[in-house]
Amino acid sequence: MRKVITNGTVVTADQTVAADLLIEEEKIVAMSAPRSHNWLEGASTVIDATGKYVVPGGVDVHTHFELPFGGTFVSDSFETGTRAAAFGGTTTVVDFAVQVKGQSVRYGFEAWMAKADGNCAIDYGFHMIVGDINESSLKEMAAMVGEGVTSFKLFMAYPGVLYSNDGEIFRAMQQAAIDGTTIMMHAENGIAIDVLREQAVQRGETDPKYHSITRPPSTESEAVHRAITFAELAGSPLYIVHMSAKEAVSELTHARDRGLNVFGETCPQYLHLSVEDHVSLPGFEGAKYVCSTPIRFKAEGHQDHLWNALARGDLQVVSTDHACFFYDDDEQLGRQKRLGEGNFTLIPNGLPGVEERFNVMYQSGVVGGRFDINRWVDLIATAPAKMFGLYPRKGTIAVGSDADLVVYDPQASFTYSAPGSIHGNIDYTCYEGMEINAKIDKVLSRGRLIVDGDRYVGSRGDGKYLERGLSQMLI
Amino acid sequence: MRKVITNGTVVTADQTVAADLLIEEEKIVAMSAPRSHNWLEGASTVIDATGKYVVPGGVDVHTHFELPFGGTFVSDSFETGTRAAAFGGTTTVVDFAVQVKGQSVRYGFEAWMAKADGNCAIDYGFHMIVGDINESSLKEMAAMVGEGVTSFKLFMAYPGVLYSNDGEIFRAMQQAAIDGTTIMMHAENGIAIDVLREQAVQRGETDPKYHSITRPPSTESEAVHRAITFAELAGSPLYIVHMSAKEAVSELTHARDRGLNVFGETCPQYLHLSVEDHVSLPGFEGAKYVCSTPIRFKAEGHQDHLWNALARGDLQVVSTDHACFFYDDDEQLGRQKRLGEGNFTLIPNGLPGVEERFNVMYQSGVVGGRFDINRWVDLIATAPAKMFGLYPRKGTIAVGSDADLVVYDPQASFTYSAPGSIHGNIDYTCYEGMEINAKIDKVLSRGRLIVDGDRYVGSRGDGKYLERGLSQMLI
Amino acid sequence: MRKVITNGTVVTADQTVAADLLIEEEKIVAMSAPRSHNWLEGASTVIDATGKYVVPGGVDVHTHFELPFGGTFVSDSFETGTRAAAFGGTTTVVDFAVQVKGQSVRYGFEAWMAKADGNCAIDYGFHMIVGDINESSLKEMAAMVGEGVTSFKLFMAYPGVLYSNDGEIFRAMQQAAIDGTTIMMHAENGIAIDVLREQAVQRGETDPKYHSITRPPSTESEAVHRAITFAELAGSPLYIVHMSAKEAVSELTHARDRGLNVFGETCPQYLHLSVEDHVSLPGFEGAKYVCSTPIRFKAEGHQDHLWNALARGDLQVVSTDHACFFYDDDEQLGRQKRLGEGNFTLIPNGLPGVEERFNVMYQSGVVGGRFDINRWVDLIATAPAKMFGLYPRKGTIAVGSDADLVVYDPQASFTYSAPGSIHGNIDYTCYEGMEINAKIDKVLSRGRLIVDGDRYVGSRGDGKYLERGLSQMLI
Amino acid sequence: MRKVITNGTVVTADQTVAADLLIEEEKIVAMSAPRSHNWLEGASTVIDATGKYVVPGGVDVHTHFELPFGGTFVSDSFETGTRAAAFGGTTTVVDFAVQVKGQSVRYGFEAWMAKADGNCAIDYGFHMIVGDINESSLKEMAAMVGEGVTSFKLFMAYPGVLYSNDGEIFRAMQQAAIDGTTIMMHAENGIAIDVLREQAVQRGETDPKYHSITRPPSTESEAVHRAITFAELAGSPLYIVHMSAKEAVSELTHARDRGLNVFGETCPQYLHLSVEDHVSLPGFEGAKYVCSTPIRFKAEGHQDHLWNALARGDLQVVSTDHACFFYDDDEQLGRQKRLGEGNFTLIPNGLPGVEERFNVMYQSGVVGGRFDINRWVDLIATAPAKMFGLYPRKGTIAVGSDADLVVYDPQASFTYSAPGSIHGNIDYTCYEGMEINAKIDKVLSRGRLIVDGDRYVGSRGDGKYLERGLSQMLI
């Protein structure tokens, strides 16, 4: 069972080199100058990557499959979602198990383990959303490290649902400081936002765009500032999810300048979509782009700030926050986005992206000249893997690493258009009409070919649960 | 009824000039070059201020008389407190009427009006503490402007007592923005502080100094940052009370640099006392200095930062937050500070200062070379009057202003020592042993002599309620 | 010789009050409630100011009369310039005597004293431009304090002419630190600017607008930063003249936040003119607006930043940098602005303003709602007087102050238009067509009426030299 | 000619992995899981690295060999200096060729090429010091790219010697912006410093410590700010050499936050030495530590700031600025450091370090817990190689890279002590007495063993000139 990928250009976060790869038993066991060894003899499989890049499979550390939200469920199951990810060159996801009020952390963890077990196309891990912080759940946070869960997400938004108050957040951070684990934060001041939402609805401002308008940038930057204050006081690592406002990124930058272990991710939707061009579309169309933190106004300059922060390293990760809902009513799931017709506060928050991230970031980032191909690999694979304790098993191409690989053809091209070019259980893509000047040729997960051209050749359940270690990004 | 003050050096925030003052019917009606008019003829009273300063009576915009707190009452009544103020050269106070949960704002206002009525030695106004923000109390905030109440205080500390959450704060600020009124903020993250307090007590850390330790600077600066965010979003003026941490002042400075209408006061205790020298005193002595925001560590450099901010204008006001409790059990009031022996969380928060502020700020500020005498007048009289809509009736010496005047002798001196040099209903002073190189010679309130040397020559009830206008400091 | 101004509204930096003023022997000797004294009896002159403001005469601390520059002379002499100032409500100017290379400081001082002597309509002082810093001139700086010269201007621009290098600047600041005097700085990196100018001309970019383009904002902000560095190191007060770039003001703000004695002025031209609307006018018209620092691009947002800095106090003074040159050839002076036709580097730098400042700042500042009338008085009279050691003799209305007063009618109005409404020796105004909703009714200089309506009723030589003290703005 | 390094732990900036390396013809041609291939058969050399790290050879991008300075020459020739480097695990140096006033750039380049040719133990490249910027030398800067020189150093210090004025600097940056080359800057305000030096000497302050005292931190931070301003205006990459002041690093941080291509190095001397402990040593001993920028005061907190900046990435490179002079008179070179006895301004600036950098940074950085071993490799090898266009040929361990390798034994240890443990032509080490908890076992340069234990086994002239490409760090 030896496989060889030959004649390709191996690209990692650190280098671009012509090299052959030798794969044995799920791992990369050797790299060599092209054809410098007679590895092809006796190889069970030889992939000729001439003219192509060989890059690490993508690592998406922010997905939501089978999540109940807003009176419905996200439409992608672990089966459909991870298969879509695979089609999109992503070979690892870290999803979120959820503890809700009144249940134990472990109960939530086991429930999500059961949902995923035997269904995934690619390897997967779990963060835990801790929705009920108390003496008992704090102890469980420590215990979860033994299960390979080393990051815990809290919400400063969504009062009455997943919201934690400042005392709960602070206690959780104290616990994380002891355990060396990472607190992930949905940083928006949900209390102030709820005032704005209620007032908007009272004024009859019910269109989707008011979702963005009632979550102004300072409600994000304030929460980031507050979360950083607590993390510094508690001494815990902090990772801010789905950052969209430039003011919020500035808070992160200042904290990093002071040497704190604080990190941030953004998502392709914040880099490509705007209120002007998407959320304000006539009719109810804007509902497709309702997510939190919200899509922001192009005129305010957030996108350039985010791209710059990615290029210079002030944001470390691009994930998706994939959480999709059908725009048009679905036979099985019924009303999803349309629950909010006439009242934007009832639109389920979230949008698809797990399949598009890899390609879209290559196109806008590398082809678009925002950063080089190594930084692209870093943002979509290497840094996420390091951030959440999966490196160097995942996220790079190195001797000893899992053979999670994408053969990527920069000569080919295609255009995103739903439903044709989309493989998830969803009826739209946020990148409709976007041309990508490259194409995924092959995807390997632990050495097994799972996507070959346009065909899925893997099997449900190929993906295994990943016990993660502590973050490898800490200074 | 004409009075003349002659041969003195008149000092205001703006000038130092040799001039005579003519007083008629409570007002200053003329100023002239010394002895340039024959005003002395026909004058009912002539005060010879040769060699002395004539300065505006102090304006202390942060006092608490007859306030219930921590299971007891502050020990100074409106009678004793305002008389102590008069002895200390302060001729105007603005105290806080309190709305508590379940009561109306007006109820609280009238209750405090009743407490003060007929008891005060000097003129007084009221801010309102709004402890229960809802549709009804928001409307009452607007209505209170008609009663001369134009500033409303909220608490980000003291959860379960006077605490308002972020939504309540934001709503109150929206209301203030409509009315042009000012939000005053006790800016400390009380939720996080309560976690630290509980943990300290659990660890047996019960001495007074843990009061300071469990309120670290970032719990103040975080709250200031958050309050500024809301004020900017709502468009309301904001005034941060009793600032003590340099990090908090920096947040204020940055917001002011951006042109926001945000303001700050500090108090003499933060400029003179420290954890090292006062709150950490052996035994229970440190309880005298327990107040919130807390006295801070000298080694962290807060005092120099505060003095500098006063000198350069980033802090605008010096008030006292006068709220005193007997250190030793009092015959009438029983246990006060000593309620917290063995558990610092039970120590009533607060300390005396209304009598000392005028002198102590002159000594450390002017004699100590921190700023000049005009800036001293500004900080203790003019700016507070402008800040809270009392100018130019109070806070300055000008044609048409109330004749609230202090004849101040910079040749004399005395030393603070309780009980001898203290006139309030309290058994200690925070400035025990401090020498003051000046002495109040005479105090006039609306033209009436109320303090003459060491004697109180006024009458209970001389002081009248002041209907205040909107802030005169807004840009 | 008693004069009374009665029934007016007296406005100072600090107050707005209905009051009568009594003037004796050049001084204000008393203020009183309106008509509360029978001052009118026996008064030699009574001015009825009913419905009008009585404000301090303006203090313009940055004018250039009879200055040789760029191969010609500024067109206003001390006679014409100070008379124009008087027409515009300004009763004090501080001009610049110039030491050039090879001459002594005293020689320059005496030369300028001679130019002014017997010619001025209003009182005047001198700063010294020190154009040749060496052991001898440093000693002369100390000696000039005895002559009433307490501020010394240096140039970081104009290499080869008035330019001082970093070492010379630093030495002068060390001297100022010893003497307590103030360094005034033309802060532009003239060395870098000269590279840009030469390159522009080589490219054939010779229109007036290239004057602005070749002096980009960072050439100003860099110089401000450098000057502040040296001032902090030397321990000297620093005053940056004619600030126009928002980035430069930000440097000042940050330094002031740190408590340094650094100050800044801007001028009406930077608040009203732009490259887009003025310097880019077709033909050679833009030459009228060529000055240094340059008029900047409106689109970059400098004007709002400057207005905000004036309102909040980060800029302290509005002066004019009055230095005018005829746009069209003058019979006596010949070619002035037109020297630079075909080559912007030959356009004499400077423009008129000493007459318009008072009115224009009232209109845009007070009527336009940028700040209140007291702040206007502060910016154009009080703060400049304090800044350069003339207070309270000049810049305010107080017992003992010089009776330099303007009776200002806010009911009248007029429109600026050259030559009709202009009194200086110049053929244009930068504010052509601007309506002013107020009108100067009377101007008094040391109690003498010098402007009455549209007539000049003073005499050449009325103005006296002012020996100035050290700055009164230092903290 | 196949060589194998087996059983070691391969450490790069990106990974730590157990792997064997196969070397053929100067290059690394393959990496594999340990002993997974039968590479040892037929290998000409097998190095057993069991228990040891295999790391990239160090890249020191700031050395001065055979440089004339201060009336003498640095004591290390290319022969002795590069051999010392090799002993210290450094396999690449980038030295500085010098153009002086009146000569061409090419002349300087060829002179230094001749000095190095045939003498070096390791590979070497050149930056150019451009000491005479004019039309001709600007053109030569462009031409030098063809010779593999892509970085040009300017001096804001040393007026009259290598100093360039602001206009020259700006012109050179404009040229660099066109060519894509990098400007390296000695950022100190030499003009202001010369004033301080002259004044100190006049006061009789002649001890070595006054070298540090007369170069205060703000003379460095000012220059950094100014250089950044010009680089931003010109659009050129900028690299600040030998940063020592925290204020200067803050300027760099702020510029990087804005997304500029500005970079900084520090050197081991700034991380380990202080005025208090070294430059102030009694007698003339402090002269050993006289270099520019200077060693700074420990009490001011620079070292912690520098370490933090290295850990978090705000400083990218650790080089040495190796420029050594004998402390005691040398038989051949005569007086060196002692030229400055009695007058610190005559002490030649510079100190040794090329041999110690690798070990000292490992000890204080990795053993001392400032950062992990991958960051150490990055700082001393990978980032310098990327910064100056040598990557991935130098600075990493990858298929296709030069086999410049160090086998490093973390079990061994030794103590620095001159002359015993020092191999350069110098009589002291700055790290006398410092214990290193690791030891260099073997050093390979392009596959050839040049250091084996304590023996030098290479040959003079083994090192080849490296034509460098443009910087690979730009965003």
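Labels A, B, C and D are assigned to the chains in the order they are written; within every chain, residues are numbered from 1.
We take it that a contact is a pair of C-beta atoms (placed from the backbone, for glycine too) under 8 Å apart; a residue touches a chain by one contact, two chains touch by 3 or more.
Bear in mind the structure is a predicted one, so any value in this text is a computation, not a measurement.
Enquirer: Starting at chain A, figure out the least number of steps needed to reach chain C through touching chains.
Expert: Minimum number of steps from chain A to chain C: 2.
Enquirer: Determine, using the mean of C-alpha atoms as each chain's centre, which chain is farthest from chain B.
Expert: The most distant chain relative to chain B turns out to be D.
Enquirer: Please work out which of A-D and C-D is bridged by more C-beta pairs in contact, and write that pair.
Expert: Answer to which pair has more contacts is A-D.
Enquirer: Return the distance between the CA-based centres of chain C and chain D, expressed in whole Å.
Expert: Roughly 52 Å, centre to centre.
Enquirer: How far is the middle of chain A from the middle of chain D, if each middle is the mean of its Cα atoms, in Å?
Expert: Spacing between the chain centres: roughly 40 Å.
Enquirer: Can you pull out the residues of chain A that are in contact with at least two other chains?
Expert: Not one residue in chain A touches at least two other chains.
Enquirer: Applying the document's contact rule, which stretches of chain B touch chain A when the two form their complex?
Expert: It is residues 165-167, 170-171, 189, 191-192, 194-195, 216, 218-219, 221-222, 225-226, 229-230, 232-233 of chain B that touch chain A.
Enquirer: Along chain A, where are the residues that touch chain D in the complex?
Expert: Residues in contact with chain D: 10, 12-15, 17-19, 22, 24, 27, 29-33, 36-37, 253, 256-257, 259, 308, 311-314, 371, 382, 392, 396, 398-400, 475.
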